[in-house]
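Below: one structure, written as structure tokens.
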Amino acid sequence: MTDAAEKNTMSGNTTVPENYINRVTIGARLRQYARSPLSLLLMILVMLAAIFAVGMLVFIIIYILVNGVPHLSAEQFSWKYTTENVSMLPAIINTLLMTAMTLILAVPIGIFAAVYLVEYAKRGNKLVKVIRVTTETLSGIPSIVFGLFGFLMFNISLKWQFSILAGVITLAMMILPLIIRTTEEALLAVPDSYREGSFGLGAGKMRTVFRVILPTAVPGIMSGVILSIGRIVGESAALIFTSGSGHNLPGALIGSGSSAATLTVHMYILSNEGLHTDQAFASAVVLLALTFIINLISDLIERHISKKKG
Amino acid sequence: MKITRTLSLGTAALLAIAALAGCSNDNGSSGSSSPSSSSSSDSSTPAANNSSAADSSSSADENSSTPATKLDTEITVVSREDESGTRGAFVELMGIEQKNEAGEKEDMTRGDAEIINSTNGVMMSVAGNVDAIGYISLGSLNDTVKAVDVNGVEVSVDNIKSGEYMVARPFMICYQQAKLDANAAATDFVKYIESVEGQAIISDNGYIAIDTTDNYTASGVSGAISLNGSTSVGPVMEKLAEAYKALNPDVSIDVQQTGSGAGITAATEGTCDIGMSSRELKQEEIDAGLTPLKIADDGIAVIVNLENPIEDISSDEIMKIYTGEINNWSELA
Amino acid sequence: MQKAIEHIMHALFLICACVSILAVVLICVYLFATGVPAMSEIGFTDFLFGQKWKPSSGYYGIFPMIIGSILVTGIAVLIGVPIGILCAVFMSHYCPAGLYRFVKPAVNLLAGIPSIVYGFFGLMVIVPIMKSIFGGSGKSLLTAGILLGIMILPTVIKTTEASLNAVPKSYYEGALALGATHERSVFFASLPAAKSGILAAIILGVGRAIGETMAVILVAGNQTILPENITSGVRTMTSNIVIEMGYATGLHRDALIATAVVLFVFILIINLCFSVLKRRKD
């Protein structure tokens, strides 16, 4: 997009017919390649790589669909999981539940942390440095390590057993850096004139933050939230040891009967014992559809942001 | 501009992708039961999805002209992970657990054996590899792999009951007696598992019931029970829990499948009411305050690929395969 | 009154900002409190450099797993990074806008596919192919590396593309004006200018590859021995934890947590490299 725009302005300035500078006929290009075999090689490599990446995706998607779609059946969407119907509906609801709870916990903390880092912290503050380092560390920790930590802290030390809350807190810690980072970027993108304008009209700092800066940054924050949802939905290693393998809806937040398996964990468990491999693939199809929808929303938001900017 | 060029390249790329996708379609449909080398031969038939046993074996016949009675390839040994209940029982029964120089019993499974931490993983690996041998719980056996006879005895519920098929292990539950007594629902559930009705569910699912004459009558208790442990016991325990809940609707049962060790730990630490284990409890675990109770027996099926012509194997040969003395299928008697 | 609220909110923001410090401290405390005593009980050198892992017999050496993790990650980077960079070049310098609308979501979708699905895919598609090429069981260092290479593609592509797009257009145009071909302009003018972004992509890819668990279990073979060659099976640190955690009790469980500690330290080192790089850039 910007590419084309730039070219337009360029051609506008120099009264050359549009795109004249970059116009290369196929024959000229072939002659160029004949002169420079390296260029030809590089071009072929680039094309091969692109075909490989997109081909891989198509390959995997078709593989899932072929194995999964024939096994999708109405009874897999019963309200209650039994070993007979192997329903994934409770797992889907659990996924939504867990996503909502995790976001409720992590998003305010993440946004406030970003607000502190961008709006309040003074330059060169030691604490800010520490916060940045720890946030980066947190974002690099593999999910299995999060899972082990959650298991040690919530399930063993606090004796919560396998519980949805243990999973939620573990996930919240996992997505926190993501939310902080995207919110920070969104806040930095808010022009300083907004702040100055707000202060100039006599608003306090807090009022400026909540009434002027945050509303402007909402699309950016949303894109971070969507990314987090994607991460929560796809997560398995961190949840197996924390929220466990309860196939039905949790009855409590912690303690007995509070275990809740998200769709990904549900699929992992189904695939483990070899009794329900077909149903595992069917859940993979649903999971893929979920991921696709999440990506779609994220794309829409991104487009919205760039349109605003443009 | 370069648009024409890129567009033409783009279409070429899309065509290539479509071709790739076409291949993947064939691979995906037959890949789970036959190696990809043979999948090209039956690419014209839009084969139904996986587990088409006859299909894959016929394509193998096309590939190998001589109907060999024995493979002449290196054996791929597939094993469960260290301390899995299934592996523990298997190595003990097969004599793979041998005394080392220090005189302590040690699992001598060869170091280069493939390790997989799920029954399904073992089955998928064996189903996709002609040279593989593995072992799984009898209750999970399906037609993607072939169970071989051990010492001439077929693996079946009857043969395990009669003791002729030697590779079997117990399914156990364990609990702290005081904690169980305090939970009326859990006590009642244990009574149900041990009853004729409960054991009927166990044998319906392909496991070997224990002899009992006690009948169970619903007592109308209410409460919550949490179970935790073996992934082998878990599936049948879920069936038991469902049947029990049908009789006692006021009871909620939570079955967590984490592993024998984790279940025993949870029962010891009191984070669950009942632990499930697919191996006998160790003395130190009983000393820690747990009461073990056997609820069923389970056979361990020794499995090979469907295309492997072998039908019978001796326990001595299994031992030698797993300890690395035998490396090739042709070395078998 | 207004001032009080301002102060309270300031404090609230500060507290929220400190949550990530708290999280890291908690994780460190819990992991190290269990892992380090286990390490010292086993013996630090026996644990880190012991070549035998047999918990049932009391051997806890994770050296093969450390090597396994490093090798698998290395292969993944060797495969994933060049392809990823080339893909990024395609997306920023070759892809027409019409195609881009499909390629970009495709890359995002590739990032969103759960790792278990990748694992199934690897087991049923890549493993048989590797078996027919190299013999053996098909589950190997190389297989795991290839699968991980595919899995880190989206990370590498996205980061590299972003940094390529940030390179001023004039670099490319300048090279073109000097008579270089399109390819030469891209690869020898634009790409070097995006060097730091590419380095970041590599480091992120390494982080993703070393921490990946569920997919690797299914295709690596998981043998606890040092791999002899590229087609031997390996076990990574992450798969060691997932495979045995369910059954482990006592010292065995603590040894697995100690494995997580080692993994954690690896990640810290990688992050350190990352921040050093960043600082140099600034």
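Here the chain labels run A, B and C in written order, and each chain numbers its own residues starting at 1.
The rule we apply is simple: a contact is a pair of C-beta atoms (placed from the backbone, for glycine too) under 8 Å apart; a residue touches a chain by one contact, two chains touch by 3 or more.
Fair warning: this is a prediction, and the values are worked out from it, not measured in the lab.
> Return the chain whose centre of C-alpha atoms lies at maximal distance from the corresponding centre of subunit A.
Comparing chain centres, B lies farthest from subunit A.
> Grab the C-alpha centre of each chain and report whichever is closest to the global C-alpha centre.
Central chain is C.
> Between A-C and B-C, name the chain pair that shares the greater number of C-beta pairs in contact.
The comparison resolves to A-C.
> Mind checking the centre-to-centre distance between subunit A and subunit B? Centres are C-alpha means, answer in whole Å.
Whole-Å distance between the two chain centres: 35.
> Just the number, please: Cα centre separation of subunit A and subunit C in whole Å.
17
> State, to the nearest whole Å, the distance from the C-alpha centre of subunit B to the C-alpha centre of subunit C.
Spacing between the chain centres: roughly 31 Å.
> When you check subunit B against every other chain, which residues touch at least two of them?
2, 9, 24, 27-28, 32, 121, 124, 231, 258
> Could you pull out the residues of subunit C that touch at least 2 other chains?
Each of 94-95, 124-125, 182, 242, 245 in subunit C touches at least two other chains.
> Please set out, as single numbers or ranges, the residues of subunit A touching at least two other chains.
Where subunit A meets two or more other chains at a single residue, that happens at 22, 24, 47, 50, 54, 59, 63, 241, 271.
> Given the complex with subunit C, which residues does subunit B contribute to the contact?
It is residues 2-3, 6-7, 9-10, 24, 27-28, 31-32, 35-37, 74, 76, 81-85, 88, 100, 104, 106-107, 111-117, 121, 124-125, 128-129, 131-132, 231, 258-262, 264-265 of subunit B that touch subunit C.
> For the complex, give me every residue of subunit B touching subunit A.
Subunit B reaches subunit A through residues 1-2, 4-5, 9, 13, 16-17, 20-21, 24-25, 27-29, 32, 49-50, 118-121, 123-124, 136, 140, 142, 224-226, 228, 231-232, 234-235, 238-239, 242, 252, 254, 256-258, 269, 271-273.
> Under the definition above, what is the set of subunit C residues touching subunit A in their complex?
2, 5-6, 9-10, 12-14, 16-21, 23-24, 26-27, 30-31, 34, 82-84, 86-87, 89-91, 94-95, 97, 103-118, 120-121, 124-125, 150, 153, 157, 169, 176, 181-184, 186-187, 207, 210-214, 238, 241-242, 245, 256-257, 260, 263-264, 267-268, 270-271, 274-275
> Which residues, counting only subunit C, touch subunit B once they are in their complex?
53-57, 94-96, 98-99, 123-125, 127-129, 131-132, 135-139, 182, 217-218, 221-225, 232-233, 235, 242-249, 252-253
> Using the touch definition up top, name the residues of subunit A that touch subunit B in the complex.
For subunit A paired with subunit B, touching residues are 19, 22-24, 26, 29, 47, 50-51, 54-55, 58-59, 62-63, 66-67, 70-71, 82-84, 155-156, 159, 161-162, 241, 244-246, 251, 256-257, 259, 269, 271-275, 277.
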